[in-house]
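Both complexes shown next keep subunit A, but they swap its partner, so subunit B is in the first and subunit C is in the second.
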Partner chain A sequence: MGIRKFIFKRLIEILVIFFIILTVLFVLLRLSPGDPVSRIVDPTMTPEDAQRLIEQLGLNQPIWIQYGYYLKNFFLGNLGISFHYGQPVTSIIWSRLFNTIILFTTAVILSALAGVFLGKIASWHKGERTDTWLTLSALVCHTLFLPWVALIFIWVFAYKIGGFPLTGMISAEIWADPSSGFWLKLLDVAHHMILPLLTLFLIHFGSYLLIMRSSMLDTLREDYILTARAKGLTEKIIRNRHAAPNAALPVITSVGLSLAFSISGGALTETVFSWPGIGRELVFSVSNNDYPLAQACFLLIAIVVLLSNLVVDVLYMYLDPRIRY
Partner chain B sequence: MLKSKIIWFIPAIIFFLLPLSCAEQRSDPILKIGLHEEPKTLNIWLASDANSKRILSLIYQPLYLRAPDTLDLIPWLAADQPEFHPDTISYTVRLKQAKWSDGSEVTSADVAFTANLIKEFKIPRHYSQWKFIKKIETPDNHTVIFYLSRPEAIFRDRTLTTTIVQEKEWSQIAENAKKQKKPLRFLLNYKIDNPVGCGPFVLTEWQKGAYVHLKQSPYFFGKNRRIDRRLIGPYIDDILFKIYGTSDVAVLALKKGSIDMFWWGLQPGYLKNLQQHKGIKVLFNKKSALYFMGFNVRKKPFEDVNLRRAIAVLINKDFIISRILQGYGTRMDSIVPPGNKYWFCPDVDLYGKGLDRKERIKKAYHILRNAGYTWVVPPVDNNGHVVSGEGIRTPDERLMEPFEILTPPADYDPLRAMSGLMIQEWLRAIGMPAFSKPMAFGALLEQVKGRHEFDAFVLGYGRLSLDPDYLRNFFLSSNDKPRGWNMSGYKNRYFDQLANQSASEMNREIRKDLIWKMQKIIMADVPYIPLYDPKLIEAVRNDTFRGWVNMLDGIGNIWSFCQVKPVSR
Partner chain C sequence: MKEPDRKNIFTPGSIFSDRLLENWSIFKENLLGKIGLTLLIIFAFMAVASFFTPLIDPMYNPMTGVDPNISYSTGPSFHHWLGTDFIGRDILSQLLAGARIAFMVGISAAFMSIVLGTFIGMVAGYAGKSTDALLMRLADMIMVMPTLLVVLILSSLFGQLNIWIIVLLIALFRWPGVSRVIRSQTLSLKQRPFIEAAKVAGASPLRIIFRHILPNVLPLSLLYMTFRVTSAIIIEAALSFLGFGDPGTVSWGMMLQWVWKTGNMFQAPYWLIPPGICISLLTLAFYMLGRAMEEVIDPRLRKEVEGE
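Coming up: the complex of A and B.
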């Protein structure tokens, strides 16, 4: 099958899957107990007030009518208004999306690069002390509990040593000061990013290292590696030009999906570091039955994951010409 | 080569970034406050989350406030106490000379507009306090006369403490809303970027996800006035609200000096650490809160008042206070919190107070035995010794069916979840098949308040109003409906009669008598068993600002923000 035909076929599949997700999401959120009003524990909210709010939010209508409006609005590009913020969910998501991408996507890319590099070294020195230490540290880091690591980093680097801000994405003192210029503000964001980035890096690089190491070990047993050695190529060339590109394929799948999921942020990281990303909004919207906001967050994740799968498949065909679907 | 570049690159970055970290420690007269979450909205009619309300409380102001020490109604935007005219069932309120933050005058038309807006749009959480206003007259710019359709006790304490909005700001929005298919939704969803209030502070900037910056209003009516014997400020120019997602980090920020106050109740676990830190002061205040166990009295076995009384005896509230709340709470024996001194009735049944475990079991056993309950193995043997009871039978001689005590999960509220578990054990000691079941908060409310499908539950109100009208709301027979506040399904005609009488009684002393009677009835019938009222633990830096005003529900009140000043002054 030609690459164009393959992409076209996959796009059709993606559309069908997306429609299914659209429907399942609608049903699942409405099946969750309660509604946006039932959680307000305030005796001043009378049953009549609650009913009025329910009507204003359109939740008193039969479920199929709500579903009809939901589909119609979606295809018109209207994802709705958040029940709690009173603002279009697209504006809420856009204001958070950049923050999430800048932190989580950077963390995935950096940890993948480090993981691939170190995994390559570990496999090359199999059974030696370097391999033992790298594998052990990867396993330890991979199993660390993220909020604990985050709090320890904050305590050591921000509180005890004091070189970093405790939390947040920007310093109010700098951003509220009209004399602060663009570069100072940019440096401020970079400064705030270091600790959460380091935490995410530490948690994630281990898995890439282990995947790369295992894949490299398989590749190094291939005949063409033996041939390359027989040809008298240097170890460095064999490792970097012959083994590593072939061994990187499983890592690419993993990185592709991690990149896609990185836009959903991480509620724990965002909470501990008070990072204003999508993860916290997602948790808030689900736990408070804010259907439009939850739907929009999940749909965004769904569409990015589906498309990134397609990109990974196409990348596979490019990296390994033997692969054809 | 590459290695040496990296070695130089890392210190270079740290060198550039270090001065930024010092920016946070800059000492200036800005009061920095930590919030647990970002406010959701600045639209006062939509705001239902604590943090939006906190910020808006410094911008929009009511006619009357509560005094911090006596909780009496104090004229704030009003010039003096409201005048009641019984013949016309009307109140006259005169306004102080005041200005909105845009420099225009606060007039009686603004007050009338606010009332009409709430009534016309039936704004949730406000409408119930205004719906009985028949007519409003504004004879001059500083006098408002409210005509009530019927006597309403809550008018003074609830209606007059509602915040007032500016007609100029909201009239066009209201007009546009009326043209919409869903006017209320339009009004609630209207985005307010710069709220115009008449309070001590105005919004300067809201950097989403990071901070909210307020500065002192040049037009605040209270500045340099003496109200309730206090010389009102504010004495600070700016307030910066920062967001801290966890209490752990907020406590570190407080210790480091990044914030001067964390506007959120702290768990007792932080106390020792904070109290040892020089420069931090920990403050304790009572809350107007109620945490309780409720029963579904619509069905067996909890329709029986004797069973509820026996359970009230078995619950060791002092244990909950000392062990679960680590001593930072007050035992509750009535539905009205003891901190609400005027309305709290101390003369109610205290059930197991002062009894030890064996005495409790014996007392509960006697109540149940006299009511016709029997056991396979009674919890008190023939020699009068307490043993483990088994197989309790109801008066109709059936084995008691297992029942569930629903609680919020431990990650939502460990105190309530743990209390549920302890109650389960105390009830099992007498042979009751009780099972504590933590469940998601939304699901719990849906089951208890929406569908009424439950046996018993442990819930709470973190911030009850100071007017005790909630007592009527919680137990009035007509409020036993889906989403109604009578979650237990309690029905008592005499109580209803007293409750309705209390709602329309304008004489405070007579109303107090009625409210006390209502508390006694409820504590005799125990559809709810009040458990505890946790103490509010807050922490501030005492080396930067001073003058925080302690009050029921904590130091985060308008009096504090009008009194607090830098230590250097």
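Coming up: the complex of A and C.
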């Protein structure tokens, strides 16, 4: 099967899965205790506004027509109005998604690179002290409780030592000042990003290291490594050019497989650091009983996870031409 | 997925307890396993001790016991070895109670997800065809859902969730990984002569699954259980940390939520540090135990477990 056909098939699958998720959410909302209308329409709205919204969302119709309205509104992008912000939720979530992607992709890429690099070293020194320490620290980092690490980082680096902002993504005084240029603003965001990034990095690189290490050990047993040795290549070339690129492939799979796990971790990191991302918005809206916003955040995260899995699979096919689904 | 060769490990007919005894001697030599087991025993003692602290003095009740002389967070003292929280409750007794909750949540959620995952995996693998396709599609779908966020959206619909509902939800969302491994194991077992023999002898599919396949996949299920305990503890702790835990329980995540939300975190390291260390160490202990068991059962399984 060609890559294009594969992508097409997977997109259809994603659409089906997404449709199921939408339906389950609809059913759950109707099953939940209390009046579903009060969950979707802000109780503080004026009666006329509320009535208009109820009609727009079809909440005064029989249940199967409501379901039709629900699907139609979803595909038209009408996900309701956030109670907290008083704005349509779609306009809120896009900017949040962007912030999440900046933080999250940077963290995943950096930790995967570090994991591959250190895993390579660990496997090369298998059984020696370097290996023991790397493996052990990877195990410990991998099981650290993420929100706690985030709190400790804030306590140590932002409070005790200082020099890092406590929370947030931007400093108001820099962004409000019209004289500050693009680079200053970028630097400001980067400065705010260091601690959340460090938290996510610490939690993730361990598992990548462990996978890289065991995959590298498998690869080193392959015949082509023996061939490379027989050809008289130096150990360094064998390690970096022959073994490592092949051994790194399972790390990519694991990035895809652990994505759901990492997204939860991302939400926790965003919440502790008040990083205005989609995960924090979800936590925030659930605390505020802002159901329309919570639902929109959840659906957006689901789309992102499903599509990223596809991207990972395609990337894998591209990197390893032997793999065809 | 590559089908690992496990011929020499799962010899049909060998008795489970014999193998356990034999494996124990390999396990004993494993450093990770020893560290993990030691840590687990320490935490188990903490969990048991939590039953006795309220008996010493009612103020050591983790939830309701308040020191009559203290109404704010104080540092370690003679009566409160780890200090008190924002309303004068003893932190050490909360920490002990947290161990109990963590074990309860971790083991029961892991057990349920393993039972579900093993059963579904065996059925999918043995039945094949459309049953298999349907079950595995379902597994794929659940696998991509971030469990923590699913539980969050459910608690936005149904309000505060009871601890057992949380356990059940974790179990319901954590079985797919297990069922995939059990399925591929079942697929290879299905080709063995002893299954063929059972079929010829007239055994029903259910009998074959439970009497002939189950004993052979059980070690693998047990291995997965240790990893599931880890993820269940983390999910519950994270949920409590965000303020969506069961308000009737004192878990380590809840303690962190209190120290964070009451604004004590910069002033009260004696309160901030212990719960986090406990969560991290307990999950580490189960994880190490899992890795050690993995090396005993099959060193080549490792890749399928990472990232869960």
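Please note the rule applied: the second predicted complex is superposed on the first by the 264 of 325 C-alpha atoms of A that agree within 3 Å, B and C clash if a C-alpha of one lies under 4 Å from a C-alpha of the other, contacts with A are read in each partner's own complex, and residues count from 1 in each chain.
In this section, a residue touches a chain if its C-beta (ideal position, glycine included) is under 8 Å from a C-beta of that chain, and two chains touch if they have at least 3 such contacts.
Predicted model, so just to flag it, every value in this text is computed and none were measured.
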item: Contacts of A:P33 with subunit B and subunit C, given as first, second, both or neither; value: both
item: Partner chain in contact with A:L257 - subunit B first, subunit C second, else both or neither; value: second
item: First (subunit B), second (subunit C), both or neither touched by A:S171; value: first
item: First, second, both or neither for A:Y318, with subunit B first and subunit C second; value: neither
item: Which superposed partner A:D42 touches (first subunit B, second subunit C, both, neither); value: first
item: Partner chain(s) touched by A:W155 [first = subunit B, second = subunit C, both, neither]; value: both
item: Touching partner for A:V283 - first (subunit B), second (subunit C), both, neither; value: second
item: Partner chain in contact with A:A50 - subunit B first, subunit C second, else both or neither; value: first
item: Contacts of A:W133 with subunit B and subunit C, given as first, second, both or neither; value: neither
item: Shared subunit A surface residues [contacts with subunit B and with subunit C]; value: 32-33, 39, 151, 154-155, 159, 271-272, 287, 289
item: Complex interface listing, subunit A residues touching subunit B; value: 32-35, 37-53, 56-57, 81, 84-87, 95-96, 99, 151, 154-155, 158-159, 162-176, 184, 187-188, 190-191, 194, 270-274, 276, 280, 287-289
item: Subunit C-touching residues of subunit A, taken from the complex the two chains share; value: 17, 20, 25, 28-29, 32-33, 39, 139-140, 142-149, 151-152, 154-155, 159, 207, 210-211, 214-215, 250, 254, 257-261, 263-264, 267-268, 271-272, 279, 282-283, 285-287, 289, 291, 294-295, 298, 301-302, 305-306, 309
item: Complex interface listing, subunit C residues touching subunit A; value: 32, 141, 143-150, 152-159, 230-231, 234-235, 237-238, 241-244, 253, 256, 260, 265-266, 269, 272-273, 275-276, 279-280, 283-284, 287-288, 291, 302-303, 306-308
item: Parts of subunit B lying in touch with subunit A, wherever the complex brings them together; value: 14, 16-18, 20-21, 23-24, 26, 32, 38, 40-41, 43, 46, 48-49, 122, 124-129, 182, 184-185, 188-191, 204-205, 207-211, 213, 240, 242-246, 248-249, 252-253, 255-256, 258, 440-443, 445-447, 449-450, 459, 461-462, 464-465, 470, 473-474, 479, 481-485
